[in-house]
Each structure stands twice: as structure tokens, then as C-alpha cells.
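Next up, some structures in C-alpha cells.
In the two complexes below, chain A is the common chain; its partner is chain B in one and chain C in the other.
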Partner chain A sequence: MRNLLSHFFFFSFAIGLLVPFVVYPLYQTVCMSFFENDTFTIKYYSEVMGSPESLNAILHNLIWIIVHLPVSIVLGLLFAVLLQNRRIKGSSIIKAIIFIGMVIPMVVGALLIRFSFERGIGIVPLLFKSLGFTSLDKTWTAYPDTALLSLIIGSIWLWTGFNMIVFSSGLATIPKEYGEAAMVDGASSLQTFFKIIIPLLRPSFLIALLTTFLYELKIFDIVYVATKGGPGDASMVLAVLVYIFAFRDYAIGKATVAAVLLIAICLIPSIEIAKLVTKRA
Partner chain B sequence: MSEPKKVDRRKFIYAGLGAVALIAIGAAAYVAMNPPVVTKTTTVPTTSVVTTTVPTTSVITTTSVVTTTPSEKVTLNVIHCWGGDEFKTFEPVLKEAESRLGINIKSMVIRTPDLAPMLDSLFPNNETPGDVITTWWPWAIKKWAKEGFLMDVSDIVSKEPFLQGVPGMAEVEGKTYGVPWTEKPFPIFAYRKSFFEKNGLTPPKDWNECVNLFEKLKSVPGVKAPVLCGDSGWPISLYSTFEAAIFTYGGYDLHHKLITGESKFTDSSVKTALETYFLPLLKYMGDPVDWVSGVDLWWKGEYPIFPIGAWIYVMGIDPNDVGFFFYPGQKSTMTSTDMWFVPKSTKHPNEAMALLKFLASRDAQELQVRQGGQWALRTDIPLEAYPDYAKPLAQALMQMKIDPPLDASISGAFSEKFERYMPLLKADPTKLDSILVELEKTARG
Partner chain C sequence: MIKKFVVGLTLNVIAYIIGVVWCLPLIGLLMASVRPYNEIVSGWWNLQEFHITFDNFIKAWYSEPFPLGQGFINSFIVTIPSTLIPLMAGAFAAYGFSRFNFPLRDYFFMMLVVFYAMPLQAIALPVFRILNSLKLLNTFPGLILVHSAWGVSFATIFLRNYFQTLPREVEEAAKVDGASDFQIFFKIIFPMSLPGVISVLILQFSWVWSDFFFALLYIHSPEKYLATQSLVMMGGVYQISWNLLAAGSILVTLVPVIFYALLQKHFIRGMSGWVTGKG
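Our next item is the complex of A and B:
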């Protein structure tokens, strides 16, 4: 009885906040996507699902996941492992520098991305120019073939710091003795890393995977500030499309449909990943 | 005999606190979602509108003045869209209004694209962040007027000599809801007079001279590209020259018919206009750069010609060194037309309307024009009122017909797509046909 009451007490705050501020607006959003002047309709769904703009946006979110997810996780892990080595002088300073991407506001990060890829100012076009790739000495965000790529690369720089910190804390929890025992048994460094360290880092992997995945699906600020989804639809993503429908086109019905789609796309895989996380825990 | 069971008080405390928390949060949420209708008895400050004759140095003008006692001094929130140096040119007008009308003015800068969604959510709740507001989107004024959120200002506007057609930009069913303020024509092809003199260049008089000028500029040392492409999510240089090409080839009529829908973006005349005057220009434009930092690059001579609005004069440069030309042969242009309006939800309707009346007056508009960087929409502002650097443009405008920009006239959806598709056209001019189809679809959708 006492347990039940204390559960009720602690849950009451969460539920009291979730219901009016998450569940109710969500419910209203879903309702608005199906109604026009109090009449049930699937018009908004057919408009949004049938428009190349929306399909493009979903495709770009997928590209974002396919490229950004593995690269930022592998880089985060790599930096965490390398900088864990105390023989590397100034490793904590290097970690802090990598983590700066996470500390600065995304809007500032987006501006930095824009300027980094701008011809004449940015380091990226300059680098390619000096390497002899003159076709890449251009403002990347201004061309449809490079706009999305430039945002993804920039975003990898911003996000890798987060994954690095997750893996660093995971590595800190693994007792040194495990690695030493493996070495005594004749395992090489690589074998120790892949057979001992990686399996023990599984909870960290799941957390990094879930948060990175959600970040990629909800990506808005970087895209909106750097390119507004353009040129044309070249870097359009779902969250920016929701904003454009709602606040530039004043098409609230279409905006709610895009929002429902975004929530659905986020929710299904997130539940699965969350199940894995809790199972391991 | 067993001892009586000890009552654990903590469980009652947990339960009590939990219930209170739930009730409190639920009540707060309920109130947040259903704000109570409060019937207030308000005492409206007594104001009297007095017509006085105010002598000025050049003219005698009749101005309405709201007189209030000091203790009743009302503070009006004025929302405008001019920051930094631009605001410095508007500040004297506000100060003059305060002294003449006996009110306090608190001003805020909110740019139209940020303001519009805010007002869209506040107006239906009978709320407003400002008592007197300006926007450069006349279509938005029409939209809010149709929804019944704005005060009718026909009486104020009809008595003043504004340029023909300008008040009509904010007209709904014969009533006017916006007071024209000033205009800033765009694009002007701005250049530095000293740069041109140093390199023996002159502004072009026809299209061939224009192309020759661009070619010559390509070989001037230090020039990265002859024409600067100002962007930053707002592709000002691109969309303004797009429209200038339409003005040059098809005149005012073609441009205006695109607004009204009598002409289509897919019409051959539009395509020819762009192929003749817009696509060739793109070859001479550099990669898009942030238009504000572009001012510096232009000034340094890296991009000697900058298609931009006339507000460039007050962007911290020496305005006397700025020359301009329009597309050769262009007889009409578009202007950024700022318009004032008063929401019905203002708490000070009398004072707000008095301020609006002052802003529409010759005194206010002449005072604004004297500060530079803005050009009059009233027909009775003399050329002498302008600073020297602004006179050539004022003179040129007197010979030209003006029309609002397409993005400020058609719809929000069109505006957004127009801004997003211009950089695509710059990157890939072969997409002209598909972009025109898309623009037409959005404009009439």
C-alpha cells in the first residue's frame, strides 16, 4: 500500500505535466489534421503525402540518418577511445574542444556551418581549392548538389562531441581488469576492443543511437538558419516543412499532417530502441 | 495481547501531497487552456482631439493633437521594422509624435516575417503586442482586415495626397486599412562613384553598355565578380533583379498582371523577359553571400555592383559616394512600401489613431524623408526635403510608376517559395521552366 502511494505521488507530477502539455496538444494536432471546419477529411493527408516536397523532405531525413548516424557514432567512439589514453597530453582540452559543438546554440552552429562552406570565407571551399578540386571551391549551401551534404557534414561536427561524451562515460565504467585479463590470456588490443570493450559499451551505444536518431529526425534549426530548406527543395527536411506550412503558408491543416507524420516516424523506432535500452538496463 | 498497529503517517502525507499536486496542475492547465472571460470596468482616459495650426519652417500645416493631462499620459507600443542605423532615421519622427501628441511611445523592432505569425495567433484572442504597427506585406494587412482585426483608416488616408494606387494596396471592399509610410525602391544597381571614377567606368545607358560594363569589371584587379549576389535566406539581389527584368521587358502592366493573376508566370512574355534580362545577369553574379556582410565586400570593390534596395544609403557607408542605375530602359520599379495599421485589440484606440493621422501627415513624412534613406509616398514632398545624396533617386522615382513586389502582394506561400526557388535558379538556370510552373501553381493555389 505504501509503495503504491509513493508511486502514485511520484507519477502524479509526471502525469500532471504530460497530460495537459504533451498528450492534449498531441491529441489536438491529430484531430486538426483530420478536420476542416468540423468536417472529417483526409484532404490534408492526400495533399501532403502526394506532394513531391514532402516526399523529398522525408527522403532527406532518411539520407541524414544514413550518413550522419554511423559517422557521428563511429567518430564519437573513436575520439572517446583515443582520448581515454592518458598518455595523450591535453586529452581533456581536446575533448572540450570537440564538445564545443554541443555547447554552442544550434543557431550559432548553423551560422558557422554556413560561413564555413561559403566561398572566399569558409575553410571547406578553401581546403578543396588548395587540393586542386576547383569545382568544390564554391558556396556549398547555394548549390542543390552540395547543400544537404554541407549541412550533414556540419551537423556531424556539432553532434560528435555528444557521442564522444556518452562513450567516454561508458568507457569509464568498464573495469581495467577486464582488458588486462584478456591481454594475459593472449588477446591482442584489437581483439580486446572488439570482444570485450564494444559488448560492454552496448548501453552507451543504445543511448547514443536513440538520441542521435531523434536529433536527425527532428533536425530544424541548422537547416532553417543555413538554407531554409533550399535552394529549391534541395535540403528540405520534415521539421522545416512543418514550420513553412504553419507560419509561412498559413496552412495549419497541412502543418498538422506533416507534424503527425514526423511524430509517427520518430515514435515507432524510438519505442523499439527504448525497449532495448530498458531491457539491457 | 498484540500491540495496536502503528499508523504510518507518511503514506497520508504522500497521498495528500500527490492529490494537491494533481489538482493544482490540472487547474493550472484548465485555466491555461480556457482563459476566463473577465468583464472589466475600465475608465477610458478622457482625450480630446483638437485641431491646431502648427507653424513649420517651410509650410503651415494642420495637425491633429491629442491633449491629455500629464498624469494621464498614455504609452503606445509602436512596432516597426527598422533596426540599427535605419532606426536612427525614424527616431526623430517618434520624438516629434511624442511632443505633439502628448503621449509616450515605446518602440520595438519586429521584422514582418517574424511579426506575422505572432499576430496571427494573438489577434483571434483580442490581443496585440503593439498599438500601431508597420509591415511591408500589404497582403497581410488585407488578410487581417478581412478577418476583422484591423481598424478602418479610410478617413485618414482619403484626405492625404498619396501616390496613385498606393493606398489601394491595403484596401478591402472599398475600405482602407493601412496608412502608407515611405518607400524604398529596389533593386537599384548600387555602385561606388569613386570606384567607377578610378577605373574610368560610367553607368550604362542601354543593355549592350550594361553587358560591356560587366565584362570590363571582370578584368579590374581585385574584383571577384562584377555583381554581388546578396542572400542570407532572403535572396534580395536575385528576386529583385528577377522582377526588374519583368518591369524592363513587360513594363508595369506585365508585373501588375502577375500580381492580379491576369498574367501567368508560365506566359511566354515572362519567360522572354527573364531570358533577356535576368539569366544573362546571373553569369556575372558571384556566389551568394550574406547581404549584410556583402555591403562591406561591395564597398571594398570585390563586387563593384550591388543590386539592392535604396536602404543601402543608410547602412553605415558614405551615402555621397553611392551611385545607382536601374536596368537600362526600365520605366517602372517596385518599392518596399511600409504601411501602418492599428489593430482593433489596441487598448488605446484614440491615441493610436491620432498617431496614425500624424504619421500620414506631410509633416511626419517630410521629417522622415529629411533623415535620408526613405523616399516619400506622398506627392507633395518637395525635392528640397531630401538630403543631397537622395535627390537623384527621388527625381528618378518621380518619372517612374511603382508597384509592390510580387512576394509582398500575392501570398505568404508564394513569398516563401519565391525566396527558396530564386537561389535554385541561380545555381541551375536550366530549371527556369519548372520553377515558373511551380511559382504559378503556388501563386494561384
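Our next item is the complex of A and C:
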């Protein structure tokens, strides 16, 4: 009995914080999406699912994933492989530069995106102008056709460092002899890379994939600070839409529906991560 | 021999090009922060006129009506307890998860990981109501509570995995000598886990410091704005003062960067624990 009490004590602080401020609100979010004045309704769901602005936001999250996921993972892997090469002098400094996107607050990341894509102020429009693409010499975040793209490119810049570190730690666990043995057997570097290194990096791929996917769904700060989802709703995403529904439209029912959708999409990768993290110890 | 040299040179050149390209936005930010406004409106890369000034930092620090200086004070007031409370609560729970046996233990633990992976929007609106009914909306204690609760999952997960990797001999010997769980926790586990504890400290501190969403929802008075809020509000309405924004951005970023730099080794160890499963 005493034992049980002392065991419970170890969990009491965590429970005391989690139950009122995480577990109960999570339950409430789901409840609020289904109830209007204590009567069950799916009205909010039909409102949200039928409105073009939600479909538009979901589409933007999808575009974000389609572009950002492969690019940030391939770049992260390439940088990790390149920069583990001992012949490169100062590779740790370059690694630190790429990783800094992970350290800077997302709000600063958002300002940096606006800054870098602003005509006359930032480097990106200048770059396209000097390459002859004069139509892209404009403030990207201010035009519907480029706003989302500029945010996605910026988020690749911010996030690739994470994937690079994941693959670097994965590579560090692969014994050098594996690659060397394959080379002695006459395999080319490319063959070694695709047939030996890549399969051994499977756990790193899984972590990078799941974490990046969640990051793309949770995108809020970058969009809210850089464009507020605009111009119009050209860069609106689901997480910002939750905020817009709740605090611009005061439509709490619709906001919780959007939140539930977000939870539902995040649930599968979250459970996969939970399995990975729980199993391994 | 020559081939080897050429390959080595090519690799170096590629790596440096990547490094420079990746650095460009940051160089731009730095340039904008140390030069007067009229020099950067024509592009920070224009160097015909080049004056270095720290005016922008001072202006950003005192800028009205959202001075970053006040934002820094507020951010520290919120961030320090919001780091220490979940660290302690999480360390206790992590000890429980790694040393006690009870039914459904792994399922509870998995639930924590799922909480940790959830978007903030999953709890944000009901929490708004709860804080409101507790009269804690627009107060630091309210925000600290929310951050602490949200951080508990992370601290517990991270430290449980760290505790799992510790050798058991010492604590088993202590147990034979009649030590209680509290004694083992405070005298053996916690001191042995200092690198893990420091990792949680860095990550949670940076997370809370960088947070914008919870602050945006739960803090409304300008004099209570956190650093991230003051920074976002500082831009100006009609004309964006990029030099102030750049200086402010650097100031806000400096805090977590210094933290990471000081404790980089622990952090990398923590990350590789996350990733490779070796702790």
C-alpha cells in the first residue's frame, strides 16, 4: 500500500498538469465539434467540409507535403553524406549553418522569408531578375501565385537541417568496413550508396519521414506571421484556419471541426512515432 | 593521385557553395540589422555606401508601443518556470515509467508520445475557456501552466529513454541497503542523468522562448507581450522597418542560439539518442 502511494506520487505532478490542460481539452475539442448547446449535431462538420476555404487549406497542406517532404529529405540526406566526408575542411561549420534553421524561432523564420522574398530588399527576387526571370522579380509573399511557394521554399530552408542531423546520426552508426568491403568487391560508390548505405539508413528514413510529415501539418507560425494565409487565402493552411475560424469569425464549432481534422491527420504518424519511441528502450 | 585531388577539390567546392547559399538569408539579416534604413532599401548587397551602426538594436529594444526589451523580460518570466516545472514533473514520471511495473504502462507511455506529436490547435480552444474561467487569461501564470502541461510529455519521454540507458548496478545495491525510491531518484538517478536533464532544459527552454501560438492566444495586453509577439508587432503598418525587424530578429534568436552553443555536446548526444535508439 505504501509502495503504491509512493509510486503514485512519482506520477502525480505529471497527471496534475496533463489531465486539466491536455487530456481534458483534447476531449473537449472533440466534444465541441459535435455539440451545439448540448445537442448532438454534425452541422459543423458539414459546414466545414462543404466550404471551399477548408478544402483550399487542406489542398495547401497537401501541396506543402508533396513539395517539402521529398525535397527536405533528399537534401538532408545529400548534405549528411557529403558533409561526413573527411576530405571536406570545416564541414562541421557548414553543418552548423544548415542546422541553424532549426534553432531560430519560427517567428524569425517567417520574417526572414518575407525579407528574403521582398522585391528590392531580399535576395531571391534579385536572383531571378539576374537570371532573366523578370516576372519573378516581385515581392513573392504579396502575390497569390507565389505566396505559398515562397513559404514552402522558406520552410525547406528552415527544416532541412533537422533531416540532415537525423541522417548524420544514422550514418555514424554504420561501420566504415561495410562500404569499404563493397568497394573492394568492385562496387562503385553509387552502387555502394544505393545497395548498402540506403537500406541501412531505414530507421533514419522512418524518423525523418514521420517527423517531417507532422511538421508540415502543424505549420502555423510561418504562415500566420509572413502572410496571414493571404493574399486572399492563397497560402491558407489548416492550422491557421483553426485560428481564423475561432478568432476572426468567432465560429468555435467550425474551428473545433478544423482542429479535429488536424488531429485525425496527425494521429497515424503520431502513433507510428509512439511505437518507435516506446519499443526501442 | 591527380584524380583523388580533383575529387577532393570538387567536394570541397560543392560543400562551400552549399554553405554560402544556405548562409545568404542570414547574411542579409545581419547586414540589414547593422546598417541604416536608407542603405538597405536599395538591397543589402549594395555596398557603395556602407555604415555600421548599432542604432537598430537600441531602437528595437526600446521601440514603442511594443518594446522588445519589455518582451525579453516577459519572455524570461514565462520561460524559466515553464522549463523547470515540466522538467521536474517529467523527471518524476520518467522514473516511474522506467522503474515501476504496472498494467498498461507502455500504452500510457505511447499516449504521452501521441500528445507530444499533436498540434497545439488540438487543445488551444478549450484551454482558452479553462483559463478564462480560472481568471488566468492574459496572465503569466496562465501561460506558464499551459506551457508546463504541454512540456510534460516531452520531458517524460526524453528522460524515460535516458533513464533506461543507465546502468542498474548502483541502484540495485542501494535497494539492497534499503534505499527508498525517493532516495534512489534524488541521489542516484537524477545526478547520473545530468546530460539528459540538460538536453531537456535546452530544448524546452528554446521551445517556450520561440513559442508564438500560445502567446498569441492567451496574452493580449501589449505590456505583457512576449518577445516573439513584440517582434512580430514591431514591423510598422505602412512601411516595414526591415532594419528594426532584422535587429529584433537577431536579438530574439540569440537567446536559444547561445543556449544551444553552450550545451551543444549534450544536445547532439540527446538527438542521437532520439534517432538511433542507443540513447
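Just so it is clear, the second predicted complex is superposed on the first by the 245 of 281 C-alpha atoms of A that agree within 3 Å, B and C clash if a C-alpha of one lies under 4 Å from a C-alpha of the other, contacts with A are read in each partner's own complex, and residues count from 1 in each chain.
We adopt the following convention: a residue touches a chain if its C-beta (ideal position, glycine included) is under 8 Å from a C-beta of that chain, and two chains touch if they have at least 3 such contacts.
The structure displayed is predicted, hence computed values, not measured ones.
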item	value
Touched partner set for A:T192, first chain B, second chain C, both or neither	neither
Touched chain A residues, chain B compared with chain C	C
Touched partner set for A:R87, first chain B, second chain C, both or neither	second
A:L17 touches, of chain B and chain C: first, second, both or neither?	both
First, second, both or neither for A:L112, with chain B first and chain C second	second
Partner chain in contact with A:I273 - chain B first, chain C second, else both or neither	second
Partner chain in contact with A:S54 - chain B first, chain C second, else both or neither	neither
Which of chain B and chain C A:P144 touches, first, second, both or neither	first
Touching partner for A:I98 - first (chain B), second (chain C), both, neither	second
Which superposed partner A:I244 touches (first chain B, second chain C, both, neither)	first
Overlap of the chain B and chain C footprints on chain A, listed as residue numbers	6, 9, 12-13, 16-17, 20-21, 24, 114, 118, 120-121, 225, 246-247
Touching residues (chain side chain B, partner chain A) in the complex	8, 10-11, 14-15, 17-19, 21-22, 24-26, 28-30, 32-33, 113, 116-117, 120, 224, 231, 233, 286-290, 411-413, 415-416, 419-421, 423-424, 426-428, 431, 435
Partner chain C, residues of chain A touching it in the complex	6-7, 9-14, 16-18, 20-26, 28-29, 32, 79, 82-83, 85, 87-89, 91, 93-94, 97-98, 100, 103-108, 111-112, 114-116, 118, 120-123, 126, 157, 165-166, 169-170, 172-173, 203-204, 207, 214, 217-218, 220-221, 224-225, 239, 242-243, 246-247, 252, 255-256, 258-259, 262-263, 266-267, 269-271, 273-275, 277-278, 280-281
Touching residues (chain side chain C, partner chain A) in the complex	7-8, 11-12, 14-16, 18-19, 22-26, 28-29, 32, 40-45, 85-86, 88-90, 92-93, 95-96, 98, 100, 102, 106, 109-111, 113-115, 117-127, 129-130, 145-146, 148-150, 152-153, 156-157, 160-161, 164-165, 180-182, 185, 206, 209-210, 212-213, 216-217, 228, 231-232, 235, 240, 242, 245-246, 249, 252-253, 256-257, 260, 271-272, 274-279
Residues of chain A defined as touching chain B within the complex	1-2, 5-6, 8-9, 12-13, 15-17, 19-21, 24, 114, 118-121, 138-139, 142-144, 225, 227-234, 244, 246-251
